[in-house]
Every structure is written in structure tokens, then in C-alpha cells.
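Look at the two complexes coming up: chain A is in both, with chain B in one and chain C in the other.
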Partner chain A sequence: MFQTISLFAPQLVLAFFASQLLSTGAFAKRDISIGVRNFSIFVLLIYSVIGFILGKPTGTAFKGALVIDDFSHYMNLIIGLSAAATLALSKSFFQIEKLDRFEFSILVLYCTLGMSIMVSANTLLALYIGIEMQSLALYIMAAFNRDSLRASEAGLKYFVLGALSSGLLLYGASLIYGFTGSIEFTQISEAISYGASPGIIAGMVFLLCGLAFKISAAPFHMWTPDVYEGAPTPVTAFFASVPKFAAMALIARLLVGPFETIVSQWQQVIVIFAILSMFIGAIGALVQVNIKRLMAYSSIANMGFALVALSAGNESGVKGMLIFMSIYVISIIGIFACILQMRIRDGMVENINDLAGLSKSNRSLALVLTVFMFSIMGIPPLLGFFGKFFAFVPAIEAGMVWLVVLALIASVIGAFYYLRLVKIIWGDESSHEFVEAPKTLRTIALMSSLLVFPILILPLISIPTQSLISRAASSLF
Partner chain B sequence: MFENYPILSLITFIPLAGAFLLIFMTRVSNADAQEQLSKNAPRVALVISSAVFFLALMLTFDFDSSKSGFQFVETTKWLGGGIDFRLGVDGISILFVLLTTFLTPLCILASERSVKSRMLEFMVAFLILETLMIGTFVALDLILFYLFFEAVLIPMFIIIGVWGGKNRVYASYKFFLYTLLGSVLMLAAIMWIYSFSMVNLGDATTNIEVLINELRIPKETQKWLWLAFFASFAVKMPMWPVHTWLPDAHVEAPTAGSVILAGVLLKLGGYGFLRFSLTLFPNASLEFAPLIFWMSVIAIIYTSLIAYRQNDIKKLIAYSSVAHMGFVTMGIFTFNTQGLQGGIYQMLSHGIISGALFFCVGVIYDRMHTREISFYGGLVKRMPVYAAFFMLFTMANVGLPGTSGFVGEILTMIGAYQVSPWIALGAAMGMIFSAVYALHLYREVIFGEQINPNLDSIKDMNTRELIILTPLALLTILFGIYPSLITDITAVSVENLINNFNAAILLTGN
Partner chain C sequence: MLIAISFYSLAFVSVAAAFMVVASKNPVHSVLYLILTFFSAAGLFILMGAEFLALLIIMVYVGAVAVLFLFVVMMLDVDFVELKQGFLSYLPVGALVAIILLLEMLMVGAAYFAGETKTVVVRDNGVSNLEAFGQVLYTDYAGVFEAAGFVLLVAMIGAIVLTLRKREGVRKQIPSEQIARTKEKGLKMVDIKPGVGIE
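Then we have the complex of A and B:
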């Protein structure tokens, strides 16, 4: 009994406390949003490490619906930590904008619960439940500033397109169920190993399309810029980081799990997604003037890079994807911590040109942001370079040198717009006075910039981290 | 002497530690101290970089030039998967380390007056740059090499983009994107080599020594890899026709930036050819050698002619740099002792001479704030000492016997003559043209009637400028009359490189 409970203890923690906090909040006489947020951060931290505290139990739960392995432990760790970080980021923004309601923290908790189910899904049904749970929370978060026209538009857009993608996903799932007779990944894999009929392949493509919506891979990226721009900035930070990684992990589990034997089939799909995302992301970003739209295109491009790693279809590919995405999440949280710090008297800075002269008015922020820009460009010795390195090596091993060359060219194009930010920060004359930023934001920005600094490649840290990720990747095979 | 100390790590990372020291000093001090600090920052940086220079000098004395392999090797586990942190020097790289550590203090000294704003940040960027440049030369791991090689872009982009001239944004973008595009192709090749070593050697590794000695890459693949490396090194060199970023970058960069760009950064490409192209892809190098020769000869003649037509002093010297780098590539791809020795010699001497020339331009630019050739004239009456120094470096740039420029050019031409007299002839033509533009520059700026009344008040060089230029002048003459100072150190490594090259060619037949 205890063993089964310890298996899904992370999910249990989330579900229990999310519901508790919800009912507490509903009956509370006064505004308890600050307390709920702090407690939620605490819950998320517990969630992220509880698997490790319990000695990393492995096995399946709920009659095979969830599978708990090293991969899900690693994902829980990253998801929990980064969700906690983004929740901490949201505090000052919501307070200043007078939007602070306790429901936000609870939505984050439920969303995280959905993601933790996604990364452990072992049946098509669990997969769908996880995705829907996560998405429904995200729809509400996008429209959280309900008095704002743009936020409502963002929420509605996201909801309609998300519903479409869920439809695709379900259609794919039903095809696969129809042709294999099972929703369990292990049995699907067994059925496919005798030969994949066109129906299965069509189902797989629909599944992948539905998931591509979630990671905003081109050609299913259209919602991303609008939603990123319209949603409140802390929500954008959350969108850009955690759910992307969870959906990417789900894709990895799906591809090397049930569809392991038809690598050559899904490889083509993934390669197309990757190329389109990299170039649409890189070229689309060139003309943006809003920093949130810029980050939207940048995240599209980065999803392309992660898909390059996955397209190798082997263990080192999954490992490369995990390393790349972990580094990506760290950088994104740091960048948004910087963006959230940049307030001028009459509101948030969203136009890129308003950043002019940042280096004069706030030198440390300028320095930190510069570090992030060079890191996400992939210039060594910053961490972003190693992310790309480990993401691209598997593709080369799989014989797709051309894909890697394309990816590298796309990252040179991308360098242009990151450089533009650096230039504006350091080169242009100041036009605004920036408001002093709250301490939480500064701490998070500083922490993640320290992580992006080459500290993480020191042997003392890099080798244990890598072995953790290697174990996570190999547990899928 | 240094057997038990991680001397190379110290030389590489002391400047970085210095940069962090400067950054943290700003954190603790208040506004008043800030001002004091930005005054003292150059002094701190100067002390640090001089200390590094002395360490490098002691390292050179301790270096055993009769051994062919790498010395002072340090290995630490790093990223896992065969990627280790390995440093070491041989007869070729040690001289570049020396050149880098020698030029950096001079640049810092020159910047104390010429940099007007954000002194502290400039010093931080410069110290970081020094670490990265040294690291490139001492790295013995392919990934580590790439890390340093590419990271150089960041401080250089900032130095040009923040402290540059009017058109600095354009120049820094061009510099950054040009070199980035070149080097990502090399990155793809490096990744391929990394994954190939798993197949070919049974164990993935990026250890340069192991790769050079054991990795056998099929001939057909060598070509692609060679081209990928070439894309990166040719842009860095820069070779014609991808040289166009260099004049822009030079013109806009502050004096110290120009010096370090011409003095050290251009050598990264040549060093890369020597260290990687010749050793890892011998067959492809042999096959592409004619291409390199023609590109070099075109570079030498074409850019010399262009240099003659420039109105901007810095641009003229920048184009002459491209021409001189043409001698380097020509020498390296002759695959004989004279050619290779000459290529290395030319790189070192160009590092000193062009650095000195950019300092010279800085001297008058600091006074008059223009680099227009037509603005000047008749400086010899107002600045006799300056005229003498400028004369020496101009002559060295032309390749007058007795200066270090002569040795490099004559050696590369001897090497090239053994391969093809026509190539040597073309290069010799280039030498004549170089005399044309260099003497033209000298005549216009120093001699003639002084017409411009603005020059009435110009002062001759001060002590600081003398301190900077004197060692450069001494070295130019010393290396001109006593070349074996350098060639003795490089001889064994070059011989070893050629032997390995010939053995590889013999083994595969070609």
C-alpha cells in the first residue's frame, strides 16, 4: 500500500494541497493571496524533491495508467522548481497591477499537477487527462487580467485553438486505439512491432500535431505571439518555460515508447516541425518591437532546436533534449525576471526601444540581461552553447549533418535580434527613468544568471547533473 | 620549474579573476569611491596583465624547445563523455601566448587616456578578452578551443559597439555576424569529429593530441570538414574575399581594440590552420592548397591596391593587414619548413608591427580626433620623435631588411617558390605595392608642407606613448636582425608537424 502511495506521492501532494488551499481561499474572510502564494511555492518545492526524498521509487500506478521512472522524477524536479520560480516572479507584478487573487497560485498548482501527469503518462487516456488539466488552467491564466481587452482576447484565442488541438489529439488517439486495440503504451508498442498500418501512422501524426500546438512548434505556432503579448507578463513567463518542457517530455515519452519501432516514420514529421520552427522563429523575431512577442518567436525557434535533438530518435537524443530544455527553462525564467524588473513610472516596459540606456540607469540589470542574450544566442562559454551542443550532437550521430547545419544557420539569424537588444541596452541614449525593482525579482534574475554563467560547466557540477539526466533518458528505453 | 603548478591555468585565468575583482570592487563602494575606482581601474588592470606577461615570459624560458610534443599539460575532468579540460603549449602556441600577454598591458596603458567613458567596464572587457585569447592558444581540447575561440566575440563586440566611433553599431554587427556564421560551420564539423571519434577510435574524445595522432578521417569527408574549418578561419584571418568586416571593425574600434584585433585576433585563424587543418585533414589541405595560394596572392595584390586608395589612415592599415595575412596563409599551405616558419614568423611580426602602427594612429587621433590622411601633413616639424617611430614601423610594414617584417615575408616567399615560382612572383609584386601605399601614407602624413593650421598646436609624444612604442620598436629591430630567437623555439614543432603531414599523405597515397 505504502509503496503504491510513494509512487505517486508528488501528484498526491499537489492534488491534496491545491484542493485544501482552494477551499481555504473560498471561505476566507479576507484577502489571503500572499499567504496562499507563499504556501504554494512551498508545496511546489516539496513536490519537486519528494520523489528523491522517497528514494526514487519506480513502477506503475493506477493499473498502468501512470509510470514512475527516473525520467518522471527528473521532470518533476525541473517542473516543480521552475513553477515555483515563476510563481515567485508573479508576486510583485500582480500586486502593483492590483490583480493579486489567491486563485492564481492554485491554478499554477493544478497546472503543475496536469504536467506531472503528462510526464508520467503511460496510456493515451492519462496523456489526455494530463494535457487537458494543464491546458484548462493555462486558458484561465492567460485571461487572468479579465478587465483587459488584450488579456481576454489572448485567453479566448488560446482556448479556441487549444480546443482544436485537443480535437486533433483525441482523433489521433482514437485512430490508434482503433487500429491497435489498446490505449496502453506498452501494448500499442507491441502491436506496432508487428507492422504499422497506415491508420496507426495517421493517428500518430494527429497526435504529434496536437502536441505540436502545446510546444508551439511551427506550423502550429500561430497562437503564440498573440497569447504571449496579451497575457500578463508573469503568465507569459510561465507559458514560455514550464508547460513547454512538460509537453516536450511527453513527446519524447511517446516517440521512444509506443512508437519506438517506427522511428523512420515519425522522424520525418519531427524534422519538418524542427526546420519550420527554427526558421519561422528566427525570421519572425527580426521585425518585432514588443519584447514579449520577441520572446514568443524566440521560444518557437528554441522548440525547433529541441526537436532537432529528439529527431535523432535515440537515447542520446532524449538526453540532449533534456539538457537543452533544462538550460532553456533556466534562461527563460531569468530573462522574464529581468523583463519584469523593467518598470518605468507609467507601467511595464514592453517596447524594445524603451530599454535604451538601461546600462546607465541600472548597470547590474543590463549586465545580467546581456549575459542571457549571449547565452540564448548560443555563444560559449555561456550555458546556452552547451545546450545547443548537446542537442545537436545526437542528430549528427544519427547522420543528419544537414539538419544541424540548418539549425546553426537559424541560430546565426537569431543572433541578430538578440544582438539588437544588447545594442539598445548598451549603445542607445537613455530616455526613461526606471523604477527600483523588488527584491524577489532581482534575486531570481541574479540566481538564474549565475546558473547561466559557466559555473554549471565546472566539473564538480556538470558530471553529477549529466549522470542524473543520462539516467532519466535511459529509463525511457 | 613549473612542473607541479597549473601554470597555464594561472596564466589563462588570472586576467579573468582580475576582471571579477574589478566588478566586485564596484559593488562595495559608494558614489565617491566609484569615481576614484574608474581612475584606478586601468592601474589595477595594468598590474594584473603585466604579472601575466611575466608569468608567460618565465614559462617561455622554462619551455624546452627541443621536445616536439605539448608541454605543461594539465588535464581535468570536465563535461564527461570524453570532453576534458586540457591545456598545453608547444613551440607554436607558446609564442602566441607571449604575444597576447605582451600586447595586452600596452593596450591597457594606451587606453587610460583614450577611453573617455565607462573606464571600468572597458578594463573588465579587456581582461576577459585576454583570458579568452590565451585560452584559445593553450586549449588542447577541441570543444574547449571552440569555447575560447568563439567567446572572443562577446568582449570584442562590446568593445567595438560601446567604445567605438560614429558608425560603431554597424561595424560591431558586421564583425559579430560574419565571424559567427563562419564559426558555426566549424562547430558542425567539430560535432561530426566528436561523434566520428566514437566510431573510429572506439571512445568518444575531443582531445586534440589523440585526434591528431590517431584519428583517420576518410578522404572524401576530409574535404567537407576542411571547408567547414576553413569557413571559420578564413573569416577570422581574414582572407580575401571575406575580409570586408575587418576595415569597418578597425576603423570604428578604439585604439586598444584595433591593436588587439590586428595583433592577436587575426592570428587565431592562422593558428587554427596550423593546429587543425594541416593535422586533422592533411589530404584535403593538400588538395585545397592551390585554392589557398590563389586566394592569398589575390589578397596580397588586390588589398594592397585598395589600401593605396584609402583616405582613412586606419582603413589603410587594415587593408595592409589583409595583405600581410595573405603571406601567412600562403606560407602555411606550402607544407615546407621555410613556408611554415615564415607563416608563423609573419604572424608574430605582424602582431607587433600592425599593433604599433595602430598605436601610432592613436597618438595623432587622440590629439586631433580625425584619421583623415588629407587632414595631416608636415608632422615631421612638429613631432620629430613621432616621425621617427612612425618611419620605423612603416618600413617594417613594407618589409625592409633589418626589420622583422622582412624575415617573415622572405621566408614565406622562399617556401612558396619551392611549390610554384608564379605564386612567389605574385607575392613579390604585392611587396612592391605595399611599399607604394605605405610610403604614400608616410609622405602624406609626415612630410610635405604643413598647410592645416589646426596642426600648429600638436605636441610630440609624451612619456606614456614612448613607453608603449619603445618596446615595440626594439622588438621589431631585434626580430629583424636575430630571427633565430623565434625560429629556434618553433623549429622542432614545425618539423614535427611537417613529418606527421607527410606521413599521413604517404599512408593514404596522394
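Then we have the complex of A and C:
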């Protein structure tokens, strides 16, 4: 009994406390949003480490619906930590904008529950339920500022296009079920090993298209800039970091699980997604003036890089993707902690030119932001360089040198707009000063900038993390 | 023979109605065609011996979802003139995509019929549909069933978060107070003297 419960303890913790907090909040006489947020952060931290505390149990739960392995333990850790960080980021923003309601924290908890189901999904049904739980919470969070026209538009746009992508995904799932006779990943894999009919391949392509929408890989990226711009900034930080990683992990699990025998088939799809995303992301960002739109295009390009790693189709490819995405999530949270500090007396500002002269008015913020820009560009010895390194090496080993060359060209194009940001920060004349940011924001920005700074390269930290990631990647095979 | 005739007629109606959902200009007509599609899909399920699913489709999709759609669509302010304008300019691209999709569907379908093994498993052990569902829904699929409940809960939270507004200064009707009103509390007898007025 305990054995079974310890398997899905992370999900259990989230579901139990989210529901408890919901009923507490619903019946509370006064506004308890701050308490709910703090407790939710605590719950997320428990969720992220409970698998490790219980000694990393492995096996399948719910008659094979969920599979718990080292991969899901690692993903739970990263998802929990980064969700907790983004939730902490949201505090000051929502309070200053007078939007704070306790439901936001609850939605983050349920969204994380959906993501934890996604990364452990072992059947098409669990996969779909996890995705829907996560997406529904995200749609609501995008429109959370319901009095703002832009936020409502973002929520509606995200919802309609998300419903479309769910349709694609379900159609693919139904094709796969029809042609293999099962929704369980192990049995699908067995059925495919006897030969993949066109129906299975069509189903797989539809499934991948639906998931590509969730990671905003081109050509399914259209919603990203508008939604990122319209949604409240902490929500955008959440969008750009955690759900992306969860969906990417789901794609990895799907590709090397049920579809492992048709590598050559899905490789083509992933390569097309990767090339389109890298270039659309890099070129689209060149003309942006709003920093949230810029980050949207930057995230599209980064998804392309992660897909380059996956397209190798082997264990080191999955490992490269995990390393790249972990580093990406750390830097994105840091960058958004900086963006959230862009507040003048009249409110938030979001234009790139508002950063002008930051080096004189706020030297520490300028330094931190510059570190992030250089890291995400991939300049050694910052961590972003190692992310790209580990993402591209598997592809080279798999013989796709041309793809890596294209990726390098895209990163050089992308370097332009990151450098432009650095130039505006250090070179341009200041127009106004930002008001002093709350302590949480500064701490998180500083912490993640320290993480991308060479600390993680130190062997003491990098070796355990690497072995964690290696075991996570190998548990999929 | 009869089964074949009913299958083909139902299949034809469902595909034709699904086409009309997209093709008709009037959104209300689209929803009505959607209901027709659902009905013929339910008929197809009955032909396959899945009477529970058929009833479920009629109850959930026709009874709840489609009627809700109908309400929403009727409340929309649709400009029919504007709807008709964009059609021709999108036609070439749309038709191209549609033809490619159609060819792919045909390929997939042909592959299915050309193959020797049919994967649809027919349950024939004297268990009714409902019983078969009941046997697995709360046992094998208990986990995803619970998770589906959470999905609905999230949707409910969303509906409340996005629409509920607390309004100040609204006069509320409190029935208990109204009922508790007695003649003594609500009525005062005043003996008015001529030329004095009330208090």
C-alpha cells in the first residue's frame, strides 16, 4: 500500500494541498492571498523533493497510466522549483497592480499537477488529461487581469488556438489507437515494432503538431508573441519557463517511448520544427520593440535549439535536451525577474528603449541583465554556452552536421538582438529611473544570475546534476 | 443488407452534415448541422453495438453542448455581408489544404482496408456496454478519472475567477427577514388629531 502511494506521492501532495487551499480560500472571510501564495510555494517545494526523500521509487501507478522513473523525478524537481520561483516572482506585481487573488496560486498548483501528470504519462489518456489540466489553468492565468483588454484578448486567443491544437492531438491519438489497438505506450511501441502503417505515422505527426503548439515551435508559434505581450508579466514568466519544459519532456518521452522504432520517421518532423523555429525566432525578434514580445521570439528560437538535441534520437540527445532546457528555464526566470523590475512611477514599462542608460541609473540590474543576455547568447564561460554545447554535440554525433551549422547561423542572427539590448543598457542616454524593486525580485534575479554565472560549472554542483540528468535520460530507454 | 444500407446512409449524412457545418454561411445553420452530425454519429455507434456511447453522445453533445452553442451563436451579432466577402480570397489556399488533407485521409483509410488485421476488438462475452464501462471506469481508470475531475474543477475555478464580481452597495432581498416581519414590527397605529400632522 505504502509502496503504491509513495509512487505518486508528488501528484498526491499537489492535489491534496491545492484542494485544501481552495476550500480555505473560498470560505475565508478576508483576503488571504498572501498566505495562500506562501503556502503554495512551500507545497511546490515539497512536491519537487518528495520523490527524492522517498528514495526515488520507480514503477507504474494506476494500472500503468503513470510511469514513475528517474526521468519523472528529475522533471518533478525542476518543474516544482521553477514554478515556486515564478510564483514568488508574481507576488509584488499582483499586489502593486491590485490584482492579487488567492485563485492565482491555486491555478499554479493545478497547472503543476497537470504538468507532473504529463511528464509521467504512460498512456495517451493520461497524456491528454495532463495537457488539458495544464492548459486550462494557463488559459485562465493569461486572462487573469480581466479588466485589461489586452489580457482578455491574450486569454481568448490562447484558448481558441489551444483548443485547435487539442483537436489535432486528439485526432492523432485516435488514429494511433485505431491502428495499434491500444492507448498504452508499451503496447503501442510493440505494435509499431511489427511495422508502421501510414495511419500510425499520420497519427504521430498529428500528435507532434498538437504538442508543438504547446512548446510554441514554428509553424505553430503564431499565438506566442500576442499572448506573451498581453498576459500579466509574471504569468508570461511562467508561460515561458515551466510548461515549455514539461511539454518538451513529454515529447521526449513520446518519441523514445512508443515511437522508438520509427526514429527515421519522426526525425524529419522534429528537424523541420527545429529549423523553422530557430529561424523564425531569430529573425522575428529583430524588429521587436516590446521586451515581452522579444522574449517570445527568443523562446521560439530556443525551442528550436532544444529540438536540435532531440532530433539526434538517442540517449545523449535526450540528455542534451534536458541540460539545455534546465539552463534555459533558469535564465528565463532570471530575465523575467529583471523585466518585472522595470517599473517607473506611473506603472510597468515594457519597451526595450525604456532600458536606456540603465548602467548609470541602476548598475546592479544592468549587470545582471547583461549576464543573462550573454548567457542566452551562448558566450563561454557562462552557462548558456554549455547548454548549447550539450544540445548540439548529440546532433553532430548523429551525423547531422548541417543542422548544427544552421543552428549556429540562427544563434549568430539571434546574438544581434541580445547585443542590441546590451548596447541600449550600457550605451544610450537615460530617460527615466526605475523605482526600487521589491526584495524578492532582486533576490531571484541575483540567484539565477549566479546560477548561470560559472557557479554551476564548479564540479561540486555540476557533477551531481549531470549524473541526475544522465540517469533521467537513460531511464527512458 | 439492411445494416449496410443504414451504415452507408448514416455515414453519408454525417460527412455531408459535417461539410455543411463549415460551408454554411449562417452560424445558426452550422450549429444545426452539427447536431445532425452528432445524431448520425450516434446512429453509427448503435450499428457497432455501442448503445451506451450512442446515448451519451445524444445526451451530452446534442443535449448540452450543441444547445449551448446555439444560444451563444444566437447572441452573437453576426454581420452576414462581411462574412461573405472574405470567402473567395481564401478559397484557393483553403481548397489546396483541403485537397491535400483529403488525399492523406484517403491514403490512411486505404492502408487500413488493405491491411489484413483489423484491430477493433469486439467484446462478445455477454457483458453489456454499461457493465463493461463500469468494470473499468472506477478500477483500471480510477487515476485518470480523478484527474479528469480536477480538470473540471480547474474549469470551474476559471469561470468563477473570470466572471464573479463583488459589487458594493447592492440592495439584497433577504427572504428570512421578510417572512419574519410581523404586524407589530411593520405597522404603527397613529391616532391623528385634526390640524396637528404626524410627529
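Going forward, the second predicted complex is superposed on the first by the 477 of 477 C-alpha atoms of A that agree within 3 Å, B and C clash if a C-alpha of one lies under 4 Å from a C-alpha of the other, contacts with A are read in each partner's own complex, and residues count from 1 in each chain.
In the analysis below, a contact is a pair of C-beta atoms (placed from the backbone, for glycine too) under 8 Å apart; a residue touches a chain by one contact, two chains touch by 3 or more.
Being a predicted model, the structure only gives us computed values, none of them experimental.
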First (chain B), second (chain C), both or neither touched by A:Val227: neither
Contacts of A:Ile379 with chain B and chain C, given as first, second, both or neither: first
Chain B versus chain C as contact partner of A:Val405, first or second or both or neither: first
Touching partner for A:Gly181 - first (chain B), second (chain C), both, neither: second
Which superposed partner A:Ser462 touches (first chain B, second chain C, both, neither): first
Which of chain B and chain C A:Phe416 touches, first, second, both or neither: first
Chain touching more of chain A, residue-wise (chain B, chain C): C
Touching partner for A:Val13 - first (chain B), second (chain C), both, neither: neither
Parts of chain A lying in touch with chain B, wherever the complex brings them together: 374, 379-381, 385-386, 389, 392-393, 396-397, 401, 404-405, 408-409, 411-412, 415-416, 419, 422-423, 426-427, 457, 459, 462-463, 466-467
Interface residues, chain A side, partner chain C - complex: 8, 15, 19, 22, 61-63, 65-66, 101, 103, 106-107, 110, 113-114, 117, 123, 125-126, 129-130, 132-133, 136-137, 139-140, 143-144, 146, 155, 175, 178-181, 197-199, 202
Sites on chain C touched by chain A in the complex: 104, 107-108, 111-112, 115, 119-121, 139-144, 146-148, 150-151, 153-155, 157-158, 160-163
Footprint of chain A on chain B - complex, ascending: 76-81, 85, 143, 146-148, 150-151, 153-154, 157-158, 161-162, 168-169, 172-173, 176-177, 180-181, 184-185, 187-188, 191-192, 194-195, 198
